[in-house]
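Two complexes come next, and they have one chain in common, chain A, joined by chain B in the first and chain C in the second.
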Partner chain A sequence: MSAGAPEERVWLGSGPGARVTHLIRAWPAVLRVAFAGLVAYRAEMVIWVLSATLPLVMLSLWNAASTGGPVGGYDQLAFTRYFAVNLVVRQLTGSWIVWELNWAIRKGELSPKLLRPMNPLVYNFAETLSALPFRAGVLLPLVGALAWWRPEVLFLPSPTVFFAFVASVLASFILAWTVQALFGMLAFWFEQSMGFWSAWFAIWSLLAGYFVPLDLFPAWAVAGTRLLPFYSTLGAPIDVLLGKVDPASTLATQWGWVVALSALAALTWRTGIRRYGAVGA
Partner chain B sequence: MIEVRGLSKTYRVPVKKPGLAASFRSFFDREYKEVHAVADLSFSIAAGERVGFLGPNGAGKTTTLKMLSGLLYPTSGKIDVAGHVPQAREPAFLQRITLVMGQKQQLLWDLPAQETFELNRAMYGVDRKAYRETLDELVALLRAEPLLERPVRNLSLGERMKCELIAALIHRPQLLFLDEPTIGLDVEMQVQVRQFIAEHNRRTGATVILTSHYMQDIAALTPRLLIIDQGRLRFDGAVDTLTRQVAPERRVVVQQVLPELVPLGFSATEGRMVATVPAEAVNALLQRVLAVAPLVELGVEVPPLDEVIGRVFRGNRAEEGA
Partner chain C sequence: MRWWPRMHMEAVWALVRAALLTAMQYRASFIAEFLVGALSAAGVAAPLFLVYARVPEIQGWTLDQALLVTGFFLLYNAFVSGIVEPNLGSIVEGVRTGALDYLLLRPVDAQLVLSFSRVAPTAIWELLAGIVVVVGALMRLGAPTVADTALAAGLLMAGLASTYGLWLLVVCTSFWFVRVDNLRFLLSAVTDAGRWPVSVYGRGLRIALTTVVPVALVSSYPAMALLHRLDASLVLGAFATAGGMLVVSRGVLRLALSRYASASS
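The block that comes next holds the complex of A and B.
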């Protein structure tokens, strides 16, 4: 206010460099407030996180199915490992931007967010990141219980495999978030855009390796499905860690999708925002 | 500060008749209708001015405000706000403006308002010292100290508006867009918000652009009026000028019923005698009244602002109907 005349002010620059500097400076506070926001919803958050434990249900099914002997090369231990890693990856790559964006666009809640000098998508990405400690906290007892039930599930990957796994999970995280953001943006064009998301999720559940490891598919289908974006968001890091695929080519496919879909998301955002109606005052 | 030339905004809205059959038809063959929310608007506003946008619901004033603040893309026309094209929403532009919407909030619902202030501090890149000073000053002006630590969901509407104002001003914007900032507030809180905006403008010299349904907001805050109706600019000027143009007459009121004033043009209403005359005829009339009845209580009234505005709108409708 009266402190400091306008000419003493430092204006935020518009170039990409200035934006990155600003982002880095703002990042800690943004993460902290986003985390505080999540903690305020602690009950909802626990339910959300627990609802992502479907891999454990799938594990119990496949565990029962493989009591008589391995199914397509997967014995009980292999299934346990697969769905344990599935659970971890799914938790670490969870996001909710599709619901949030859909709501914000249709109800005009996007307006105040658009007028802050930080892109609402960037802010949501920070929020999603800030939920990670929370998600990890829920994962620990679950994974602990699994290890107690079947200790032989634990194994030590080589450093190379481990780092490939980390890079793969990171790609899955960005990709899963980007796909959700893309479907959320459809609300710029369609009033009932969540229907598209439901359709995507149904196909995804099947082709991402969520219910079934992809190598249980007929041999002719395996290579093809591994190239699709579904697999890149979940199955890829699981298979990298379990040594079922070549890490280098899998990472290349995943990061290729990250680049392609991020570009598509940026383009969609730019086009969609012109249609934004900022409804309701 | 603001230059607007030939600004228009046309929405394309789907038209659907009620009923299941119509829904079905609309699914395959949707009809659209074009709504011209804003049509060929031009005006300029200088730095430090306080301007009120006035118009009935759906007149286009909020659409105009949203285009000025960069939320909506114009269909055609040019806008320059502080050297920026608003819809590009460059950081240096966003840092100079703020938009307060009476019906939308930016406060994080489940957290104390302080958290939103802190978030905005980071997003706008305000350094901590300036932040502290600004916050202290705003909190003192709005007497908002007790509100800061309670979750926003537990605040009343008026308390929330105070916190919205603080959140909107943390970055010391030079240009304030206020869209119905007093809507739904009780009279006392409306007065507080008005006083705050006036005081803030006095201290900072920021430009204020306000839309409101409440004439008191306009009368108290904005010396200059832009009247928008059916997307077009109907009047641009001072409140006094408008009153002179649209309602040049005055009402001379005598606070008792005196039949002897009837020949002078008075008529009895609600226990008073009232005569409506052109402003320049008021003095002569007063002298004649005092000659007839020297001891009466006399008053001269200017038509209230909402009546004046009402006449502008009715006049426009009549013109278009003709």
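The block that comes next holds the complex of A and C.
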């Protein structure tokens, strides 16, 4: 790129105001580039998406368990609905930044990315967003198959519930990405940081409502587990759409976690990047 | 000249020993993985406890009987993450970078070198978890007969052989399509269905899980053997699948190797 284009000089100027303007103007281009990158590896994308079908495995267990009658208030239809929405939310909130950061920090590939006029985290966030059309596209056959197997699973939520669901999924999307980024940044301090992520994932699968709807937990545990960040990344939007929880307080908890963990991520990034520089990589 | 199979056993043992020594260098991360192994095992078993807290049995399986399946599933996972994935995964990488050439030059059967050169020692925690779950469930169910135990062990081996064959087949596609590393994610996602007794699935899936993706052979069948629920036709079917998978995957590997033109030449 020719270095002297005057307009670029203007918006690459310093100061927080200029930085925000820059970000807004660069955003569509970044999304386009990220989308093109994904199209190049589209077969891989299909595999990524298909490999998140674990909710269906869980559904088959609960479905078999509830053949004789409802289990804890869930009949077969309710279980199918729960795990269908589970599949959708899990797909829409998927990201991969923990692997990418972990790799980039350990191999030093972060260095060239830091030279770009855009924070690598912001860039990855854009990539994750631009993967959404793919993820939605591959959801269609899966949800279609479920609807063919059990047509009564389809339902039309009221507009209010639907908007609450969208706001809830958005919070989950940001939160899930932020948590992954936090675990990825652990690579600044630990050589092998993927173990932490695996441990988190194991706990998450249980407490987020991924394997089991949380209201099937023992009664004393239900309210507490709903306040934890795990639930905010997956179970919350499912329960909001299915009308199991009060949308307002659930959204408040979710967005509270978004604010708290984003702040923590920003702080971790600043501290970590200083350390990364100190290593001289 | 030594007897042919014996020479192969020696080669396998030497490969595994060298792999273990390499992997054990990372002692700290090895110990830390203990926590991960324990948590994942708990994650696999926990839904069962939650289900069975509400219903006494599912499709003829009680909690202890279903836990047997889970235990065998953990053993299968240990086998995959400890041996199959590190080795067969490196084939994909080797095809892409050309590093495969060095392995193929060795004077031992290529399939042995490709299958047993690496070990991920952290899988030992999953192995232990699997043993604990199986033994724990058996202590509550009562000890099985010697014949049933032997049959279960045989079926477990047959199941491991079939799933190994399936993985090899998938990995062989990397000789034609260079970028298939993620097929491994797909495969482990599909085999996740093996964690429950196979009878919880519908008829179509049940057939698929014993033939196309034979993960039921490795988890449900050994458990059914211990519970004395298998008839001869199922046992024969399991061993036939294992034999077929091994022969076909070896054939495909040879075909792939004969066409392999190296990334460097």
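Just so it is clear, the second predicted complex is superposed on the first by the 266 of 281 C-alpha atoms of A that agree within 3 Å, B and C clash if a C-alpha of one lies under 4 Å from a C-alpha of the other, contacts with A are read in each partner's own complex, and residues count from 1 in each chain.
By definition in this document, a residue touches a chain if its C-beta (ideal position, glycine included) is under 8 Å from a C-beta of that chain, and two chains touch if they have at least 3 such contacts.
What you see is a predicted model; the values in this text were computed from it and never measured.
Visitor: In the overlay, answer first, second, both or neither for which of chain B and chain C A:199 touches.
Guide: In the superposed model, A:199 contacts chain C only, not chain B.
Visitor: Where does A:52 make contact in the superposed view: on chain B (first), on chain C (second), on both, or on neither?
Guide: After superposition on chain A, A:52 lies in contact with chain C alone.
Visitor: Once the shared chain is lined up, is A:155 touching chain B (first), chain C (second), both, or neither of them?
Guide: After superposing on A, A:155 lies clear of both chain B and chain C.
Visitor: Looking at the overlay, what does A:62 touch: chain B (first), chain C (second), both, or neither?
Guide: After superposing on A, A:62 lies in contact with chain C but is clear of chain B.
Visitor: Identify the partner contact of A:71: answer first if only chain B is touched, second if only chain C is, both if each is, neither if none is.
Guide: After superposition on chain A, A:71 lies in contact with chain C alone.
Visitor: In the superposed arrangement, does A:212 touch chain B (first), chain C (second), both or neither?
Guide: second
Visitor: Chain A residues touched by both chain B and chain C?
Guide: Residues common to the chain A contacts of chain C and of chain B are 41, listed in rising order.
Visitor: Spell out the part of chain A that touches chain B in their complex, as residue ranges.
Guide: Where chain A meets chain B, its residues are 1-4, 6, 9-14, 18-19, 22, 25-26, 28-30, 33, 36-37, 40-41, 108-109, 111-118, 123, 274, 276-278, 280-281.
Visitor: Which chain C residues qualify as touching chain A in the complex?
Guide: Touching chain A: residues 26, 29, 32-33, 35-36, 39-40, 42-43, 46-48, 50-51, 53-55, 58-59, 179, 182-183, 185-186, 188-190, 192-193, 195-196, 199-202, 205 of chain C.
Visitor: Report the residues of chain B in contact with chain A in the complex, numbered from low to high.
Guide: So the residues of chain B in touch with chain A come to 11, 62, 66, 69-73, 87, 89-92, 94-99, 101-106, 108, 110-111, 115-116, 118-125, 130, 133-134, 137-138, 151, 169, 172, 174, 179-180, 200, 203-204.
Visitor: Note which residues of chain A are touching chain C in the complex, please.
Guide: Interface residues on chain A, with respect to chain C: 41, 43-44, 47-48, 50-54, 57-58, 60-68, 71-72, 191-192, 195, 198-199, 202-203, 205-206, 211-212, 216-218.
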